[in-house]
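Here is the structure we will look at.
Each chain gets a letter, A, B, C and D, in the order it is written, and its residues are counted from 1.
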């Protein structure tokens, strides 16, 4: 039975995301106080896995995760989960909408439900909470009547949902990654993703183009890219990148070697199945069979020319 | 005398960044409760300018700012300020380090001073605060003895600094942008930056490469790139990008037109002087003089061939 | 009534190509002894036009033409003609196939009809001729019974065609260009070609890629490219290139300016209608309308941002 | 003792080029009547090698050679020779410059010495010859007094050189290649060249760029490129290309495999030492050691992630 740390407190979207992964069935779930804390638990062997957010349409990219993985002793991503971010208005049992005068919400959550509150509770006062989970948990202190957060918190804290799906935009999602110490590389499924951090010497016009060309020449698609402003060493730069494909795919493996040769450093952060199971649309010439056939061709040429 | 909204509360790094800009001298500074609120004040004419964070090595990119600028009625960036993020431990007058048992800190700030606290106040309990400013302001409630935050807060809230520069990494910075309604495009200085949001139809291997090629072929360097996971319309994608140069530069103007022709949409978010005054190192053939000379050449050819 | 020099002697494929152009109707046609001589006649005003071969599947590229245009006082291509190279076996009236013991042929022509001769006149001896026209003209000297050449020569020299279409491969073509002194730039037709000679400083990996990128970024297709081994100055290199499009097309004009900025020299050798009238298949975003619309967009941005 | 066919007749630049190669010492040299004939002798085992011209600043590229190698049973280039094209005016012993009234010259040779003749023998009549060698050999028939050609012909035909180095441009060169049946691949020397014919499906903007990108991404320089107008099958196209490097070099081998995957066909025409012994200037990351190190890195990653 594996143990899995996740970014707590309980009742947040992280927990909902974790529960969407089959590995959580019967696992020991441990709420960590922060992303670095969750990663540390995985690093020192206290848990087998840690689930941490990596990018979010609500809170953007998550540098604590990206940096936490890009530095320190190696951790690799072995799975991902995408959580649709849907907010509920929750209250203690017996409270009705008309009772609500004060609402606790994390500022980011507040920003997502602004229109709904203006339309439905125009006179309510919104107070800041540290997290969605904390807003829900705090209802028992009765300094406010309602909390904004993930509906999963209602079960955990014994609350009722006054209104669900109250977010102004239906498109908000957060992507979480399940990380582990190296040695558990998932087998390729044909619908995989690989995460990398690339360190380059300079932010010249050619540098990023060279990186993308290593992918493009082998028909590899990027699904995320982010330049990182932090510079540990003068003149250095880094990119955090997700690509389609698995390190075991010939095209990915050859691209990684190409990047290894042109980058200051390439940090491999895991190959893992895509949450949506969507296989890449490959252009002709980049399947494993194409690479194998080309290898046979060149070997024949070298021996017989 | 201009009025400028900034991401409050007072005493945060945003205020420190704003005060580093000459325009703040004698200006009316208004602390807004959130980034969207600050942008709204600028949009509706309540203030002349708003200063909001756009990227941070502490909190990553700031989607509320990026999205706030990329949608809604136009606002453009007219200046930027980069604030070195240095944390101080502050307390009410008379308190000494030995008195500190509880420390208030925003979780992100806490993550940055973890090592210092472990070494200097190993037994202290850290409580969450909503913001750096709130941590400092809350000292007057005396539920904790010390607060982590920007030293600027000490002046504002009548505190003393027990220790300064306590961040574990000396490299942390936050970049803020000063935005205004269109019509105040700063003149080019030779050391400018331009911010864009590019919307594309698909995340194909070629799409990002095509975008970067439009820049590279005209010798334009990127200083920031971030793919955005939110998809408003099925199949759409966007990139938030900063480049070196000013829309009035011929190479930038031609590149923007090229992007306009290949992207679903190009949102121009302003050209403005770089905070560091660093002029780009241009390869041969891409100065305004080079473009002007080429125009004369082609005009001559067309008329005389 | 224009005068047109062509690569003689009379009765060659050059004359056939010239007669395929409407401009030859009623024109004074002058056979020049060589390509440089034909170009000189056009340069010094002795003729209005010169028709010279530029590439051939029989004789390859024609450096005398390429170099003749790339250097010296400017001449520009105003039209092109593609001549299918079909060989006939010709003889004086009264001669029949069984009489043929010796055949005169230019070595290149001989190479093209080798199989036919082996099958039909296995015992005939083939003697070298200076040109296809000379082979036909020489029949009157009766040192050989038959000549290989263009059927057009039969009319000119009073011969009969013993066999036609005797070439081994049906695909051989020669492309001719009609050149004139500058000042007669043909109007764009929507199905045009432009010929250029590009001089670069070095044959580095990046140089040719940079050149092609200037075209590709504007959706321009190449139909011919040839690096030239002659180096007039140490370290210099040149490419002779045909592209789809007319200098009056916005995408071509912008690409030419881009090349002018990165090349040591760009020699414009004319924009002219394609012989086959085939319009290019343009990707979205590169028509004149797209360029005009982008210009309006950027002008609006510059004025209103 | 090897036997080597060359493009005859004797006394041409081809023979001079062949004699510049050490392999010709003591070899049996056979003058073939044409390039296809020379290639056929090598193909059917009549000779061990054939020396044929591949490109020339006088006569351009040599399609008979390029096509002769690109089709038919395989022949590969095993060496190259570059012959400086320098013309001499030759005559029978006893003839002096003042005696010369008629000069025999191949038209291409004539084009190269036009200025010298105008300055030194303005009244001489120039008659066409089939080849440089034929011009020299024909002196014994006494229908003309002097011949233009390679000085090597003077020894062969018992002539004297009236004037040497009479070419108008000192830069003319012809490159010859020594070809053999497969099985004699020269070992890499560190200063090698590889010749390829690439067949592609369409002449789209992307096709040539894709080909060049396969080279550029691996730091490989092109030294010659020529698109070929002949299209055997509707819509097909080909490029004849020389690159720096040897098929045994990791970067070349990987690039060839990449081309094999994207092209309709890749015809390998040999890796051989450069005549000038000039080693390529390699960018960082593309040596065999770099490739080997990257392979170790990826193997380690795959096993331990």
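What we mean here is this: a contact is a pair of C-beta atoms (placed from the backbone, for glycine too) under 8 Å apart; a residue touches a chain by one contact, two chains touch by 3 or more.
Since this is a predicted model, take the numbers as computed values, not measurements.
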{"item": "Distance from the mean Cα position of subunit D to that of subunit C, given in whole angstrom", "value": "23"}
{"item": "Chain centre separation in whole Å, for subunit D relative to subunit B (CA means)", "value": "59"}
{"item": "Where subunit A and subunit D are represented by their mean Cα positions, the distance between them in whole Å", "value": "58"}
{"item": "In subunit A, residues with contacts to at least two other chains", "value": "213, 216"}
{"item": "Arrangement of touching chains [line / ring / star / complete / other]", "value": "ring"}
{"item": "Touch relationships between chains, expressed as pairs", "value": "A-B, A-D, B-C, C-D"}
{"item": "Complex interface listing, subunit D residues touching subunit A", "value": "76, 182-183, 185, 210, 213-214, 216-218, 247-248, 253-254, 256-258, 260-262, 268, 270-271, 284-286, 290-291, 293-295, 297-298, 301-302, 304-305"}
{"item": "Subunit C-touching residues of subunit D, taken from the complex the two chains share", "value": "34, 36, 55-64, 66, 107-108, 110-111, 114, 128, 130, 134, 171-173, 175, 203-206, 208-209, 212-213, 215-216, 219-232, 239, 283"}
